[in-house]
Amino acid sequence: MNALSVHAPVLLVATPLLAAFVVPLVAKLGSTVRNAVVGVFTLLTASLAGLVAANVLAGSGAPSVYVFGANPLNLTLPSGMHVPIRILFEVDGMSAFMILITALVAVAATLYSFSYFKEHSGGEMYYPLLFLLLAAIFGMEETGDLFNFFVFLEIAGIAACGLIGFRPWRGRSQEAAFKTMALYTLSGLFVLIALGLLYGQHGGLNIAYLSSRVGAGMLDLVALGLLVVALGTKAGVAPMHMWALDAYGEAPAPISAVLVASSQASLYGLFRVLFTLFGAAVSVAALGWFLIALSVLTLFVGVTMALLQKDIKRLIAYGAVSQIGYMLLGVGVGFTTSGSRPAYGFVAMQGGIFHMVNDAACIGLLFLAAGAVHRASGTRDLNRMGGLGHDMKWTAALFAIGALALAGVPPFNGFSSKLLIYESSFAASPILAAIAILSSILLLAVFMKVFQAAFLGPRLLENVREASRGMLVSMLMLAVVVVVFGLFPGFFVDKLVTPAAKALWLGRDAYVRAVLGG
Amino acid sequence: MGNFPFVVAMLLVILGLYTLLFKRNLIKLVIGASLIETGVNLFLVALGYRTAGIAPIYTYAPPALADRMVLPTPQALTLTSIVIGLATTALLLSFAVVIHRHYGTLDVREVKELKG
Amino acid sequence: MNGINSGFGAWNPLVWTALFLGIVAVALAIRALGRKDYKKKTGQTKVYLSGNEEPEPEDLHVRGDALYWGMVEALSGYYRRARALHTGILSDYFAWIIVTLGIVFVLLAVGR
Amino acid sequence: MKKAAVFAAFVFVAAFLLFAAGRLHPFGEPSAPAMDDYFLAHSQAETGANNVVTAIVFDYRGFDTLGEATVLFAAILGVVAVFRGPREDER
Amino acid sequence: MIAQEIVQVITLVLILVGAALAVSFKDLLASILALAGASLLVSLEFYILQAPDVAIAEAAIGAALTTAIYVIALRRTRRKEKE
Amino acid sequence: MRGEMSVIVRTIARITYALILVFGFYVILHGHLTPGGGFQGGAVVASGFALLPVAFGAAAAKRYLNPSLMRHLEEVGSLAFLALGFLGIGISFFYNVLANSGSLFGAAVPFGPNSGILNSAGTLPFMNWAVGLKVMTGLMTIVLVLLIGAGKEGKD
């Protein structure tokens, strides 16, 4: 058991990779065998994720290190060296938190896919791509090496675009996939340039080592700018959010949910860069306020444009973009005040980080429900829907839970995290809190519109059937998370969010020390 | 010679960026991405060069120069980055082919069903 | 344990839910005080529209577009601009990235 | 107007990148080669490979190579999926 | 040493010329061939920079395979870039 | 590309292809001694393969090589590489268990310039072969699928 715990971080990445390589081979044996294998590997991955997170949280979020190919495996520095020479995984509270989010979304999306993709061709490509995407997200969240992060970023991008364009008989999906891939490529290359600049100056690729070396030199700042913009693009921060609408809107429904997790992993990378990599060097208040401005823009553009949409998935995609704004707002307030460290800065970090898991659950639930609606009604146009609630009672109820939670209506989980963001951003500047609350109200209006147009009213469509059981179960799983996190927020804030926020806000020294010692 | 190779690498990146921003053909955009990719690879390898160094391979290396080898890490990184570049290019081009099949055009300004 | 305290205020969802359910119970109680002799689907519950014919339910359904036309109309200036910016053209996506990158560089150079 | 603004931003970014290239360590004299010197000195003893680049690619940074192989695998799956031909309707 | 530097500068300048041609050609096939030429020169430059491993990879992948993929894709789409 | 080319082109292509194959496999085999390795060798073989459709036409290339077989070989290569990574899990993932062990590929190498010992470098030669197989078949698959797929219903 102990060996399993020790190797859990790498197994968490290797298991989905193994699944991705094995599934095409066993797919020859028929779809039942394939689905069984996929299910087993998903559960295995999820339990490994739980194990990793449990190990880290048992140590209250202190970073643990896994060095690839070293003997012994926690030997970060060979004797006499001050530079880590091997790739290493470094898992701290924040990583553990992100891993749990990804595992949750992964289980829900895979379960949902079993029914959603039952009669589609290409399952032997769909599930491997999904596993690759998951492995890449886990890798991004665990790695302590900048180039390794870039590699996982690229795997995530390529697998995601393969999945977005997975239905090539729809021209729009190809358009979305091309646009997304082009933007992913550009931002990936920005990361690579930044990495080159950092390597050229400091001769290392390890995040902890670089963090101990970067200063406020001009080259380091150029690298920082490139990293911020590239990771912001991948996370879907306005005004670079436009790919996100196309991608979330056109991808198959379960993939949209996983893409949200992938965007959050990029956001995690952004936070890692801001707080850990450049945590000591950068005291640029202007950058913090710029991030806050971007987050407010993201919020506002997301909700207002959502009001106009006719396509149900594109509408939810705008909602998803606006939620990225909330996370960035919370953490941006934390970043701006990280020099002076007032109490509300930490609360803001907690709010922003807590909102990540809430967003993954609600948006995932909404995307899955929208997929069920699309499948049942054969259309995504809200103007052609109506009265679906008569035939799809469960879907309607679950959609309502997701929508209310996303709009921040108590007692669901969206409210608890938004409350933390409102109060702390009010302390930073009342205008921010006002905009955040206004956006929440608009979001409620948006989802009233969807619910009214799709589920209420007289039956407009014939032959509508309730979503299949597998789809309902996966939605129910996310809904349970939404409700439980809403009813017992204190427990989760204490156990999960606070270690994560501490790891970012105060944990830089511990992060560096875990690698460099001393 | 100064930093001429670095400058050339960055110029390649800039040319690629120019293509992405101001060219109108989807395949031209892919060419732009490839140019950036090439530029970054050149940049990485140039970072590791040592004047009058030799390749980091000990087989039949001239013993006199054996302590002056160029840095190997950027070369390893570049190998990975080259394959990643090929993967993205292939994927982008196949999307472009299917887009052409559906839309009948490769003009960026006409491939915009997803808007608003 | 189940509530959160931000340092400025506290939030306990269980208390809130209990209150909410209490209010619902009160509302139901008030509703129960109403007349019980109405029969559903008879003339007693039929809508009376000043003597006009009651329209078919299909015609009464408000489509998704129509729900907030007033708000969209009021903000038409903003919406015209916002829609114009979401062109769907890939070059514009890149342009936004470059412009943002330029701003970030300025901020880093100036605010150092 | 819009195009001019984009062009201005492009020129500005390009200037920054060129500036960065000029400010780097002089070409041919890496400023911090400690990690690479370790590889050059120890790769033969630790991995037994004469080619240091191979030693790095497969041993010191083997995990990156696994990732790179995965990238290729993902691209193949993506390309095959895109060209798997027309089938089924929207639902 | 001087001769090597001259070769290197010439190679770098030619790379730039090839890249500029790849960007400016209206005929996409010519553009792709210019890109392939630039790639080949970059591979030569890698060799000059004492990176034979990368040079082989760049010559095989960057110059040969990428070009093949571009040409295949081009066959099925429009060859000329529209004005 | 259209149809077949002249006899001269075909003959030259045949010879070149054989040469490229030999060179590619040499590059893979000696990856730990001389410039090259799994990637480079695999890419060289695959790029030689890209000659085939030029010389013999796409149809002939399709006849020689089956894309789905290639894909499965690629998966086998990936699995082999992953398994080689797992080989060291007793100590840590990707630990080079065979290096300097004295057994297969475990010969110790003297420090400094030498003439190269093929029987060295531990797991590295195996990894070279796994990656070589993978890259070779993977790149071939991409080219083949593009050739077939793009031709299927494009409006030429």
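Think of it as A, B, C, D, E and F in the order they're written, each chain with its own count starting at 1.
As a working rule, a residue touches a chain if its C-beta (ideal position, glycine included) is under 8 Å from a C-beta of that chain, and two chains touch if they have at least 3 such contacts.
Small disclaimer: the values here were computed from a predicted structure and weren't measured.
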| item | value |
| --- | --- |
| Shortest contact path, chain D to chain E, counted in steps | 1 |
| Inter-chain pair with the most contacting C-beta pairs | A-C |
| Centroid-based (C-alpha) most distant chain relative to chain B | C |
| Remotest chain, chain F as reference, centres from CA atoms | C |
| Centroid distance [mean C-alpha coordinates] between chain E and chain C, Å | 54 |
| For chain A paired with chain F, centre-to-centre distance based on mean C-alpha positions, whole Å | 36 |
| Whole-Å separation of chain centres (CA-atom averages), chain E against chain F | 23 |
| Chain B and chain F: spacing of chain centres that average the CA atoms, whole Å | 22 |
| Residues within chain E bordering two or more other chains | 51-53, 57, 61, 65, 69, 73, 76-77 |
| Touching two or more other chains - residues of chain F | 33-37, 39-40, 71, 75, 78, 82, 85, 93-94, 96, 109, 112, 114, 116, 135, 139, 142, 146, 149-150, 153-154 |
| Residues within chain D bordering two or more other chains | 6, 10, 13, 16-17, 20, 24, 30, 33, 35-36, 39, 44, 50-51, 53-55, 57, 59, 61-68, 70-75, 78-80, 82-84, 86 |
| Chain-level touch network, classified as line, ring, star, complete or other | other |
| Which chain pairs touch, all of them | A-B, A-C, A-D, A-F, B-C, B-D, B-E, B-F, C-D, D-E, D-F, E-F |
| Contact footprint of chain A on chain D as seen in their complex | 16-17, 19-20, 23-25, 30-36, 38-39, 42, 59-64, 66-68, 70-71, 73-75, 77-78, 80-84, 86-88, 90-91 |
| Sites on chain A touched by chain C in the complex | 178-179, 182-183, 186-187, 190, 216, 218, 221-222, 224-226, 228-229, 232-233, 239-240, 242-243, 245-246, 284-287, 290, 294, 301, 304-305, 307-308, 310, 343-344, 347, 351, 382-383, 385-387, 410-411, 415-416, 419-420, 423-424, 426-427, 445, 448-450, 452-454, 456-458, 460, 486-491, 493-494 |
| Footprint of chain A on chain B - complex, ascending | 13, 20, 26, 29-30, 33, 36-37, 40, 43-44, 47, 73-74, 77, 80-81, 84, 87-88, 91-92, 95-96, 98-99, 102-103, 111-114, 116 |
| Of chain A, residues touching chain B in the complex | 147, 151, 154, 157-158, 161-162, 165, 168, 171-172, 174-179, 181-182, 184-186, 188-189, 192-193, 196, 199-200, 205, 245-246, 249-250, 305, 308-309, 314 |
| Residues of chain C that touch chain D when the two form their complex | 95, 98-99, 101-102, 105-106 |
